[in-house]
């Protein structure tokens, strides 16, 4: 294709081609701290004009690549960063086989990870971004990769995709304006702005960590904590995984081991501050338990 | 402070079903066998909702490749001079719009008859035609 | 737009890929994926040394192949169980048939929906049995049934409610609107039983079906994968089946598919060096019929015209670039998404079971 | 369901042990069925029924009444509805398992 770049996030390598120059420049800037050298990629993503005419007139980006969804709606060129993000997500969701892929966010401290999973809008992404600014290592806001052989968490720390109210919250949290991407307004998901993780988190993205705590956060609810049974964790995680079935026996072994080996809690919290505090508290309680 | 509602449930490894004879209890374990009409098995299915969600809306063009054809009331592609036939839609419809139209609302920017004709076209979509997947996913029962 | 040819070369001569640079591998992998031949490529390269970063990709693909084939064979088992009381033959078609029969064409082949062929007279019973065994219409108001039943060679697609797999029930192998009219009764009569009790088409009919599918049914979609099927099958059948060439010629004539079969064989020969089954023209001075294993078929069609149209077919079939772009959308590849959105019943059910179990425990 | 509910006394047997992988998760049992690649979650009494058939040995068929005997040796049995005979409830459980391919059903009727 006319314009292209390579991006490596965690263990996954992408080749991105585009009919326009602008999206590639934006990606190079947003991913400047990630390895960008040419490799044999795991996935190819294409940001292509829906028709020859659409390269120039009201340009529309169709989301394509090794794996595509039929009938997917195109996006205007001004939202090409979102198109790229969705296309990369789609490759991972449909094509990744090396790890059990969980739709979840994660942070770690002292080599041990908290995994947070829940439906879109539950706040897992923002919570991981907040924790990533407060002494935790950011491991990813969208996908958590679980190694079936070692049981370890493999980071996938792509830029955080902040939506709507979370944008202001993180702008308040992060002083360095340079870490934010452009504001994308009127996208199908509302307003979106990307936040580059701290350079340390990106630098450590090949280092695996031990899972220690599984959380099911729910934002905007009165504070509550509930123990989650292993069976419920198991079912919820099969539904939060896009490749559980495809991994077959390896997926089964990985997930049954995972839910049996770490504690799980559902937490409801009213705002980000409360969320952070509850994670910290649960974390220290777990620490006590592990030491005892 | 935590676990207020379920502290009674004990440690991480809860009392599992193999407890009975191993612990040498005097009374035998009771096995609950359910009822004729119930089920005791849940099968895990592929979950791609997140993936589908991450590409937002799907689109249905009406029609796929117009070639200048119009759409009659039954949803068939006909020549433009057919009485009562509607021109191709200038824009694709989203899955959500079609979903609402199936429940009685008009497709955006169309008259009642036009909307009905377009919907009839959409219902006739065959596997492999563009828009079919989108339409089929709207139709799947949500139990 | 000729990366299709590099895929063909890598498949027929895996060693030829040894000298590729990373950029060359990248193009090859993308083109193979777009042609639905990545699984085949992964198997072809399995015993070749490839760069580590290529092996990562191909290793994943091989794992997916295994899972996909297991799923396809299980689906066939389920259909067999559902149709246990149907007295006619249940004949597997396409990829599932190759896998179930253990043909080498199955190696690395991706398998989509389950396709079965039954006698037209039994189609209502088959439909009823499938519906009562958990399959449902993909479109729950199959009001266009009439259209399907009148014009198509299959029932409207059905999907299994809990396994989310589609089944296509055919009563012949081409739409009734197509010009050739394959002899469905003969296809069924000649079908071969597998140990499982399911059937596959006879070898000659399998080739006829593949050729019909390629050339008479639509627009060459999946053409290269189809031709690869034909190549592998022909190589195997020519070696293992008695009088395969004669049988194939007879069956092609019977089904009105002589042209399609001849062309498919010519195309696969051009792409994959498939050994010729039919002799092109009589050997000068020799009785053509007796002179070798091949037989003569429509010699009058040997012409420059045919040559040119073959070239056009090939151009279309190999039209994919190193970015995996081609003219036709991969609608089927990602089709399995269709039904999963917004369905999450296992969690609800499991919660229900769990609550019930716990209540029982606390009594 | 393909349950042979109307047939007289369908007979069932365990699959070879290698066909299933069973792991306790919380109050349920997760089971991976290798021939299909499908995971199922089983509630009581299903794991115990599988155990009973497994003890009998793969390839040795038993009908619901015999399975009831087998488990009655080890457990007190309780159904949800006292009006339903235990044997009928178990027949239902077994038919469900057979429909999923988790146990074998005897081909001879």
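Letters A, B, C and D mark the chains in the order given here, with residues in each chain numbered from 1 onward.
Assume a residue touches a chain if its C-beta (ideal position, glycine included) is under 8 Å from a C-beta of that chain, and two chains touch if they have at least 3 such contacts.
It should be emphasised that the depicted structure is a prediction, and the values quoted were computed from it without experimental measurement.
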Chain pair with more C-beta contacts, A-C versus A-D: A-C
Distance between chain centroids, defined by C-alpha means - chain A, chain D (Å): 41
Centre-to-centre distance between chain C and chain A (centres being mean Cα positions), rounded to whole Å: 36
Cα-centroid distance, chain B relative to chain D, in whole angstrom: 32
Approximate Å spacing (C-alpha centroids) for the pair chain B, chain C: 28
For chain D, residues contacting two or more additional chains: 26-28, 37-39, 41, 43-44
Touching two or more other chains - residue numbers and ranges from chain B: 14, 32, 39-40, 42-49, 51-53, 130, 132-133
Residues of chain A whose C-beta touches two or more other chains: 69-70, 94, 229, 231-232, 235, 238-239, 244-246, 248
Graph class of chain-chain contacts, one of line, ring, star, complete, other: complete
Partner chain D, residues of chain C touching it in the complex: 67, 70-71, 74, 77-78, 81-82, 84, 133-134, 163, 346, 350, 353-354, 356-358, 360-361
Chain B-facing residues of chain A, complex: 63, 69-74, 86, 89-90, 93-94, 103, 120, 188-189, 225-227, 229, 235, 238-242, 244-246, 263, 265, 281-282, 285
Residues of chain C that touch chain B when the two form their complex: 136, 138-141, 143-144, 147, 157, 159, 161-164, 218, 221, 329, 331-332, 334-346, 349-350, 353, 357, 360-361
Contact footprint of chain C on chain A as seen in their complex: 1, 13, 15, 17, 38-42, 44, 46, 48, 64-70, 94-98, 229, 231-232, 235-236, 238-239, 246-248
Chain D residues touching chain A - in the complex, by the definition given at the top: 21, 23, 25-28, 30, 32, 34, 37-39, 41
